[in-house]
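Given below, in the form of structure tokens, are the structures.
First chain A sits with chain B, and in the next complex the same chain sits with chain C.
Let's look at the complex of A and B:
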């Protein structure tokens, strides 16, 4: 693991010692090289995990997420270039350092063996994200958004600390690998229900669960492009990852406690999708669509079946790439139109045909067109929830319908229709942007060819 | 030993080639459009060989190659089912598409992105072929969704027009409602049969629960535009005419019926689902035929006639005759594609005029198109020994001799009669009488790119039915004996329709206008379906999204109850507890008072 973490740390000197002309190219190429080093992790031979040391390990659940994290850094760097053009050199370097430290924390979070280490790093990711949002956001509302982001996640996760200490005392260890063997069924008492809530709520807020999601649209809308990308692609998945890890020690209580949450998610995903139908703000639409997709993941994890776990893992990866791509596209619009309002960016297909293709592909993956991995994820979750209760098909089916509608509504709004006159003199799309989009799209297509590497533990 | 597999795969590969080679730019000196057309011709020719072999030997086959995933107990592979349906459908689809491609080279020649258009058309065809040849539900779903998305792109081809975009979204909306049914079926089969492979599904218990079958029916309703989910089909006329021709003949709309035909082994013993299909089909065929009666847009009339024919196919499924329904799909493809091409030719010649009241007398100006239009219309009505006759007549016969729901049968008969009425109406208004169009329009139909495809399909519309039913082995025993009045029933109602329509149409020239009757309004307003079902429900949902989900819950309740109330309580608490109240005057006053006091004490 150190061979990934140390190069990531060494990215700091790379930026701070690069001169101003080489800063982007150095960073991008170096971070892409780190990617190469994570590739072997995907080869998970057998059911055993790769234990690198006592503190770090990776298995088939964490390695796709690790891969996603590492893959996203060069993409974020590429996406932020235009946004940072007018900043001074030191600030650029500072911004990049924030991204790197975030990546470092995330890598360690996903590969930690100890729950306490996981917890500390989980909290540590808040700091660079908060700085990115509140320092480089575009409007004054960014402060409010940062406040919401920080307090929602902190309030959710403090009980987890207490719960972890309790588990440490009662089990004697917080090591995932050992917990699998040592854990005992929770007793059916009120206190174990409370323990369950304490353990799960931190991740529910992070995912976010409907009702606790208010921080997400705000943070997404106000964050700069890299912030939105990493929030949607990786930070939300921390919640799913944590839930998948922790539910193994929370048996049989999950069976009872899951009901209200599953209900809330099924309800919330329809609510958030219908909010999407009425959004005028492009970034807010994408953010709400994340909430609705993540609701499916929560449902899947709470159902506790092998199929649903596979679906949840696949959906997390698929959604990570898709939503990040959508944010990039929204940003490329924003850089040209200087507004997030969809009405102001109509008929772009006539001007930027290649970008329209990317929009089309991103919308299609967002609405889960077969055979993309998005569909595999959604389909498995729907199958699992159908076998849990037949009635859920009405909710999940309705959500499928609305998802398709708002994805295509977004596409039609921005790309189709008559163009407005103020966009006559927009810039053509850069090679940088097209590369960025194709680097989102290629992994999606390639994973579609062989989805088993992102199916997680139960495959 | 035969060469099915290799020839079938060759066909598919030939079709895929233009998609790939476009990047390599191998078609240097030829236009991409003619390159695509050529590859479809080649694909057609290669696909003829396995079809001939199939007719000769009757052997069915499955190609299964490339494991995609194995999850727990479910194996997903790429597999093609080459059975009666797919082997016969592929050449028909390719033949019709060949003509449509050639026609679109003429129709779209001025479009700057004609290459993209051809690529979309080709992808549309390929997704349909994936759907037809799929051997498991997942692969079928790939084709199913692919067809939907391609139709979205093609209907919204002229993306500058709001109507086109709305129509495209509408198509997706109704199709997605159907997809819920499809997903339901997939989930059910996964749960109870633990497989998505067709053989395994059909081998298991045939007395199924109703749920997956209803799911299939919903899926077919969405895709094949049956009553309830039909409004997208006439709206889809916003797309270019070649798209309508392709959409209505061999791709997309027949996919729903095809799905039901595929799953026929599960439905043949289930009377409830058959009754449902019969009633749904009968309602669709009558309702859309009524809607077609008073439309003035030539493409809309043809579109509604497709919908009506799809209803007829559904009726056929309802009387347990999937092979007849399939034959009707094949026959229907020929004359429906040709009808659209003829109307496209007319519309193009009259400077994009689609209103049949502004046509007339084209019999003289466009003799070839007119005769093809008449052939197509007659084939559609089931005139003896034209293509439509071979399936339609059989369908009506087996319907009227079967002892199922008499009302559904009666409704179907009325709809058959109405087919003749609206066909006559097209012929009467477009071809006969005096010209009513602007005299400046330059009418020219002498373009080989226009004439040849129509000619090919016209020949198809006359002979295809004969060839198909002559060569294909009868798979179930057709109804041979029946009373004379039943045998002549189909003929009689059609002729009745013709006579009625001629009378009515000539009357329109003689009678003066009066306020339209309520029956006319019902037909002209599409049965008030758009005003009662089509708009209010989405509007309600959008209002719900805005008022309940967004304003009430998200912006008010969730915002106020959690973050706002927390900060509010904290504020109030801290202000109450703290001794700093911000009362500057008072503080200063007390300071002065104490200072004064001090002063007094000291002095």
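Let's look at the complex of A and C:
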């Protein structure tokens, strides 16, 4: 694992010693090379894990997420080039340093064995994200967004720290590989209910669960494009990853405690999808769509069946790529008209036909069109929840319908119809933007051919 | 103040604390505390303003009361147990244990005797405030560490919890930086004392890291003589590097991983959980978020937003910085980046 982490750390000197002509080229090319080095990790044995050392390991759950993280860094860098054009060189370098440090923490988080190390790095990802949102966001609301983001996550995760330490003292070790063998059933007392809550709430806030999702629209909307991309694609998945790791010690309390959360998720799915139909702000629509997709993931993880775990992992990867792509598309709009309002730039298909293709593909994957992996994820989750309780099909089916509705609403609003008069002088698409979209779309399409690498632990 | 006088007074302060730290006879400890208190009064009144005199008076009154209470406890203990060493205080003696705790927490500025800390820190200059919040804590904490086995842990935990609460809530409405750092000191004292009866080496660890962070904060604030949040927001104009350092130091002071300030909180929570004080650990950890909120407010006004101000001094690079920055760089690195070195701190005993 050090062969990935050390090159990522060494990207810092690469940034700080590059001059202004070489900085973007250096960063993008070296992070793409780190990508290549991470590809062999996808060769995972089904039920075993590659243990690199006592501190780092990778198994079929963490390697697709790791792959997603390293894949995203060059994409973030490409996407940020435009809005950083006017800044001074030091500011550019600082921004890229924040991205690199975030990347470093995320790689270590997804490969940590010891759960306290996972916790420290989980919290550590907050600092660069906070700085990116608050310093480089564009509106005044970014200050509030940063505070909400930081404090929602921290209040959820401090009980997690206490719970992890308690588990370490009572179980003996928090090394994940050891915990797989040493786990015991939790007693059915009030205090173990509280322990379950303490362990889970941190990840619920991060996912986010419907009642605790208030930070997400603020943070996603106010962040600059790289911040939105990394938030939507990877940081939300940290919550899912944490929950999937901790379920092993939380039996059988999960069967009792999960009911309110499953209900909140099912209801919240429909609520946030419906809100998407009434949004005027494009980024806000995509943010609420993230909440809706993640609610499905929470339902899947709380149900703890093999199919639901497969669906959860596949949905996390698929949603990461799709959501990130949608934010890039929204950003390409924003860079041209400097507004996030959907009404202001309509009928773009007449001006930017290739971009309209990417919009179409992104909307289609968002609404879980077969044969993309989004569908595989959602289908597995819906089937698992149907077998858990037949009634849930009403909610999940309704959600699929509303998801289709708002995805097509977004597509037709921005691309189809009569164009607005004032957009006749927008710049045509850059090659950089087309590359960005294709690099999002290609993994999605290729994974359709072999989805077993993203199916996770229980394939 | 003239240099010879300053030297004598500083030496006396140093001697007082040293005397307290090395003795095991209660009378000498008390004498050390008194020497320390009396010699810091001229330092507090160094700039001849009425506000400084007021601060010095408040400091003197509270510390003298605490010393008197301590003397009472010492004599009472000597009367009842017949000896004057620190290590043999009878924990079953109600009066002794209670008044001892009251006296020492009054010296340290913990709730419910914390009211003097913001006022006194506000009334004096930045560097004197630093002396007050760092050096003056050493003597009482060394006493408490010598006698930790005989302290009534319930009372101390209660005081610690209240200190963390008051330190968090009290700092929320402040814009004066010295008062913010005073409330931060109250909260950190709470964390330190919470773990004293269980594992005093963790108190030492927390004290060390807190001292480093407070020295850094005061030194950086002193560079531009910033005393309010408003003046701090002009710092980006004078020295952007210092704004970044303030960001990192304040995040470390607030206890965010992966900075070193997280380490004391982590090990204190671990030790409290081992001793079945899980509720206390959770409540203290959540209250520390209040502290983080007002540090975040400071960070927002310094590093993450740009206060609109014209840059009048275009030639500022020609002027040498006049303020001394004592070991700022190594201290910053030590207090923000050494979390991976945490096993080293197990040698503190």
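The working rule: the second predicted complex is superposed on the first by the 458 of 459 C-alpha atoms of A that agree within 3 Å, B and C clash if a C-alpha of one lies under 4 Å from a C-alpha of the other, contacts with A are read in each partner's own complex, and residues count from 1 in each chain.
Here is the rule we use: a contact is a pair of C-beta atoms (placed from the backbone, for glycine too) under 8 Å apart; a residue touches a chain by one contact, two chains touch by 3 or more.
Just so it is clear, the structure is predicted and the values come from calculations on it, not from any experiment.
Colleague: Based on the superposed arrangement, let me know which partner A:120 touches: chain B (first), chain C (second), both, or neither?
Modeller: So A:120 only meets chain C here.
Colleague: In the overlay, answer first, second, both or neither for which of chain B and chain C A:40 touches.
Modeller: Neither partner.
Colleague: Once the structures are superposed on A, label A:161 by its partner contacts, choosing first (chain B), second (chain C), both or neither.
Modeller: second
Colleague: Does the superposition put A:134 against chain B (first), chain C (second), both, or neither?
Modeller: Touch partner of A:134: chain C, not chain B.
Colleague: According to the contact criterion defined above, which of chain B and chain C contacts more residues of chain A?
Modeller: B
Colleague: Once the structures are superposed on A, label A:386 by its partner contacts, choosing first (chain B), second (chain C), both or neither.
Modeller: Touch partner of A:386: chain B, not chain C.
Colleague: So in the superposed three-chain picture, is A:151 touching just chain B, just chain C, both, or none of them (first/second/both/neither)?
Modeller: A:151: touches chain B and chain C.
Colleague: Contacts for A:401 in the overlay, against chain B (first) and chain C (second): which applies, first, second, both or neither?
Modeller: It touches chain B, and chain C stays clear.
Colleague: Touching chain B and also chain C: which chain A residues?
Modeller: The overlap between the chain B and chain C interfaces on chain A comprises residues 151.
Colleague: Applying the document's contact rule, which stretches of chain B touch chain A when the two form their complex?
Modeller: Chain B reaches chain A through residues 68-69, 71-72, 138, 141-142, 144-146, 149, 152-153, 156, 159-160, 162, 165, 168-169, 172-173, 176-177, 179-180, 183-184, 186-188, 190-191, 211, 541-542, 544-546, 548-550, 553-554, 558-559, 562-563.
Colleague: Under the stated contact criterion, what part of chain A meets chain B in this complex?
Modeller: 148, 151-152, 211-214, 271-272, 274-278, 306-307, 310, 347, 349-350, 360, 364, 369-371, 379, 382-383, 386-387, 390, 393, 396-398, 400-401, 404-405, 408-409, 412, 415-418, 451-452, 455, 459
Colleague: Contact residues on chain A for chain C in the complex?
Modeller: On the chain A side, the touching residues are 105, 119-121, 123-124, 126-127, 131, 134-135, 143, 146-147, 150-151, 154-155, 158-159, 161-162, 165-166, 169, 198.
Colleague: For chain C, which residues are in contact with chain A within the complex?
Modeller: The contact residues of chain C facing chain A are 247, 251, 256-258, 262, 266, 269-270, 273-274, 278, 281-282, 285-286, 289, 292-293, 296, 300, 303-305, 339.
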